[in-house]
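Which chain is which? They are A, B and C, in the order written, and residues in each are numbered from 1.
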Amino acid sequence: MAGGARVLSDDSRLSRVDRALYALERQLALLSGLAIFSLMLLAVLSVGGRNIISQPLPGYVDWIEQAMPLIAFMGISFAQRDGGHIRMDMFISMLEGRALYAVELITTVALLVLMLLLVWGSWAHFARSFDFAAPLWSRDSTMDIALPIWPAKLLAPVAFFVLCLRLVLQVWAYGRAVVTGTATPVAVPLIVDAAAQAAMEAEHLSDAGSRGQRP
Amino acid sequence: MSSIDIGLVVTGFLLLLVVLGMRVAFAAALSGLVGLIWIFWSKRGYDPDSFFWALTVATKTAGQIPHSKLASQALSLIPTFILIGYLAYHAGLTKALFEAAKRWMAWVPGGLAVSTVFATAGFAAVSGASIATSAVFARIAIPEMLAIGYDKRFAAGVVAAGGTLASLIPPSAILVIYAIIVEQDVGRLLLAGFLPGIFSAFVYAALIIGMALMIKGFGPPVRGFTWGQRFASLPPVLPILFVVVTIIFFVYNPFGGDAWGTPTEGGALGAFVVFVMALIKGMRWPQLKDALLESAKLSVMIFTIIWGVLIYVRFLGFADLPGAFSDWITSLTLPPMLILVCILLSYAVLGMFMDAIGMMLLTLPVVYPAVMALNGGEAVSAAESTFGMSGTMCAVWFGILVVKMAEFCLITPPIGLNCFVVAGVRDDLTVQDVFRGVTPFFLADAVTIALLVAFPAIVLWLPSQI
Amino acid sequence: VEWNVSLWGKRRAFTEHVEKLAELVDQKTNGDFTLNLSYGGLSKNRENLDGISIGAFEMAQFCAGYHRDKNPSITVLELPFLGVSTLEQERDVSMAVYEHPAVQEDLARWNATLLMPSPLPQYNIVGVGEAPRALADFEGLTVRATGGIGSAMEAVGAVPQSMSATEVRQAMDSGVIKAASFAPHAHMSFGTIENANWWTTNLNPGTVNCPVVVNTDALEALSDEHRDALMGSVDEALDHYIEFYNEKTMAAWGPALEERGIEKVTFSDEEIASFKDKVAGPASEAWIEEMSERGLPAQELYDLVNEKLGQSN
């Protein structure tokens, strides 16, 4: 997606950490996929319950609201790793080498700062809904059947924290690329043209470790 | 600095971040957060001791938005409709539709591209999300078009443009979201989308046939299917009808009895029917897992844009920009139709840099009341109105126009989701290729929108029958 | 001094007291202290207490039933069949509860001070199809009702459904639900009366309680003059609100029903009494038990409500 970005890998520690984190991100994204699937089942249960046994699912809307954060947040870092969040690459596709990595480094650092702040902000949002002293630790509940909301609110800072880990890794990778000026930076999404070129150069250099890897 | 100046400076900052290649969702969120900090700090006269207070309040305000705005029943339609698209692909519906369209329609000039358009239109009756439609047809239609010599960029463009039909022809997640933002009847809007969707498909087809007649070496007609082969292609398409009927029964029961559920449930039930079909067609865990991961990825991309844009919208709210804008619009002394056209044109410009839902969330709270006021208010009768339609019908008409504009923005550079998705499916295509291939369809969309503005009956005839 | 006020939707009967308050404060302070009303721009309605607690804005309106756990103490005012029959009673009993120390402590967790209620009339039910003549007719009726009113409906055999308010009209037109419970102004704005056949005039199962609160720090930071201007305008703003609701909204309600030929269903006193018996006792007992476990003086609050209603009756 997003122009078929691809991520190179090699034997470096950076690349190994990248792949380990990617495995975690993939599991979280799958969790989000399963939540989508469960939304579908929930509707079947609700409709079936109402029309067949005249017993609607209590709190149908409340349960949907609880499932939505799973879908909305858990895959955020998975998409960032693969370059899946869309952007306009007209300007940066004109850059290459150190200039390109430097611009990517700047926007990635800015993004890291944003996400660290949002981890704080969304944690505060969770914390306002959580109270050890209250029944079910709940200080905020859904409208219809009063489910505690704190577990769903907790998902945002958790997913954003994983994204921060990913961003630290990308800052490291872009930083390394700026220093070395390499044509084959690992652990960061490359736009297709650049990736194809990088793969080609990698073959030229017969660098056995570097190869284009389709996520 | 007045808060309106702050709003303008921060909007400039947002554009700079987007140009620098920051992911759109995060560029919007970051500018929104910076704007909030600025607004709060200005309330305390930029006192250095208050900076941390402003940072805290702004961060906590922004930090509520992802959860509080996304934990909503209305938005749950988006992932369900995306999932339907992938499940239908695994149920073989995409292939069956394309095959049938090919056998019946590919004999015209540019036949395979025309077939693709009508196959996406047929698929639209099941799929409620444009990007999922483009994603699955990229896998099926592009290889066939390439095999008989179409330009690969044009082939990609057809699929990107054809995908947009999914949001006009019901079911449609984006129409439901419009209905919910402006608090109008969902069923009536869904019904209103049907004719404009078919109409768009015919305009696309006419454009392709015209190009095929004028351009040498354009995709040739595909002839030689016997009537037997044509009829044989129909039974595999029948399951689509089954899904359509299921969904219709959820919105309006044609036999006059009670409907079975709400549109939200209808979408999910449609997905379940397609899921069962895919199981029968041999889908197992590896394919399902693939479909779930793809759906998760598209969903999180859209949801991230939504909360990112909403952080920015929250900043605009504190800067009171919407209020200033709506005062300005209603104070204009231009002819109302000209104002409406200007609004649609600004959607075209804004849509270049935004995603469809983000754009609607950003603009509708301001633009919708202004348009309703232009027409003479929510309760106006057709006879007393500016545009010759009652308030309710104006809401429907404007909704279809906005959704068509939002669909247009899915294929315009530099940020057009459908084009990104098509390029992502195909290794041999860059986003720039798809944008180049889709360009002719801008003309088709411009014609469609102009006709929908000039002849509101195309939109309003069907909903006025109920 | 400028205060931001977070409301939602658009200007309507439900927000007239805040509009009036802004006008009065502006007048009394010659424009030195202004309330800047925002309809939905500053927060989502369910997060208004969060915004107050953060300090993002200084005043906000919300409904207790949106989030029981955020404001358990004032949900006493949403119990079914309290026996409130006028907006004036609703105002008095709300104010009495808002002044109770336990309630103030409850809202203090959000750095919020309760300013005034937004008194709403009792909810009643609008429906399609055959009108219920007796309580027994509610058996199996699908009705959109949430919270306490939902449990009340369940007690007489109806099937409460939860769905967002914006989907109610569609659900009713398509037959997914047969009836919906709202206050009159909401029945009108959500369009539930457009195709309805009947309306219950005296079921009065309860209502929602929607206070207006201010940020405590901001209130304390006001000059004495400004604070007096604000607090001294509350009564007049509420008078205006109640007059507006009675004169304008309720005046539009009767004709709106007649225009559409909607039948008014009135239950006999015995029917209402037996409905009340089935619902009110068990609901208040459950509420008192649950809230006592949270450490609230639940019985005391419940008694306060009844005592206040006894005085005004």
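Brief remarks follow.
The criterion applied here is as follows: contacts are C-beta pairs under 8 Å (C-beta built on N, C-alpha and C of every residue); 3 or more make two chains touch, one makes a residue touch a chain.
Bear in mind the structure is a predicted one, so any value in this text is a computation, not a measurement.
Highest C-beta contact pair count among chain pairs: A-B. The chain with its C-alpha centre at the largest distance from the centre of chain B is C. Centre-to-centre, using mean CA coordinates, chain B is 37 Å away from chain C. Chain geometry summary: the mean Cα position of chain A and that of chain C are 41 Å apart. Chain centres here are Cα means. That of chain A falls 23 Å from that of chain B.
Looking at chain C, one finds that residues 46, 50, 54, 163-164, 176 touch two or more other chains.
The set of chain B residues that touch two or more partner chains comprises 60-61, 64, 68, 73, 260-261, 264. Residue numbers of chain A whose C-beta contacts span two or more other chains: 50, 61, 124-125. For chain A in complex with chain B, the touching residues are 1-4, 26, 29-30, 32-34, 36-37, 39-44, 46-47, 50-51, 61, 64-69, 71-76, 78-80, 82, 84-92, 103-104, 106-107, 110-111, 114-115, 117-118, 120-125, 149, 152-153, 155-156, 191-193, 214. In the complex of the two chains, the chain A residues touching chain C come out as 50, 54-56, 58-62, 124-125, 128-129, 134-135, 138-141, 143-146, 148. The residues of chain B lying in touch with chain C in their complex are 40, 53, 56-57, 60-61, 64, 68-69, 73-74, 179-180, 183, 185-187, 250-253, 257-264, 314, 316-318, 320, 322-323, 365.
Chain contact summary for the complex, chain C toward chain A: residues 46, 50, 53-54, 65-70, 109, 140, 142, 146-147, 150, 159, 161-164, 176, 290, 293-294. The touching residues of chain C, when paired with chain B in their complex, are 4, 36, 38, 40-44, 46-47, 50-51, 54-56, 163-164, 166-167, 169-171, 173-176, 191.
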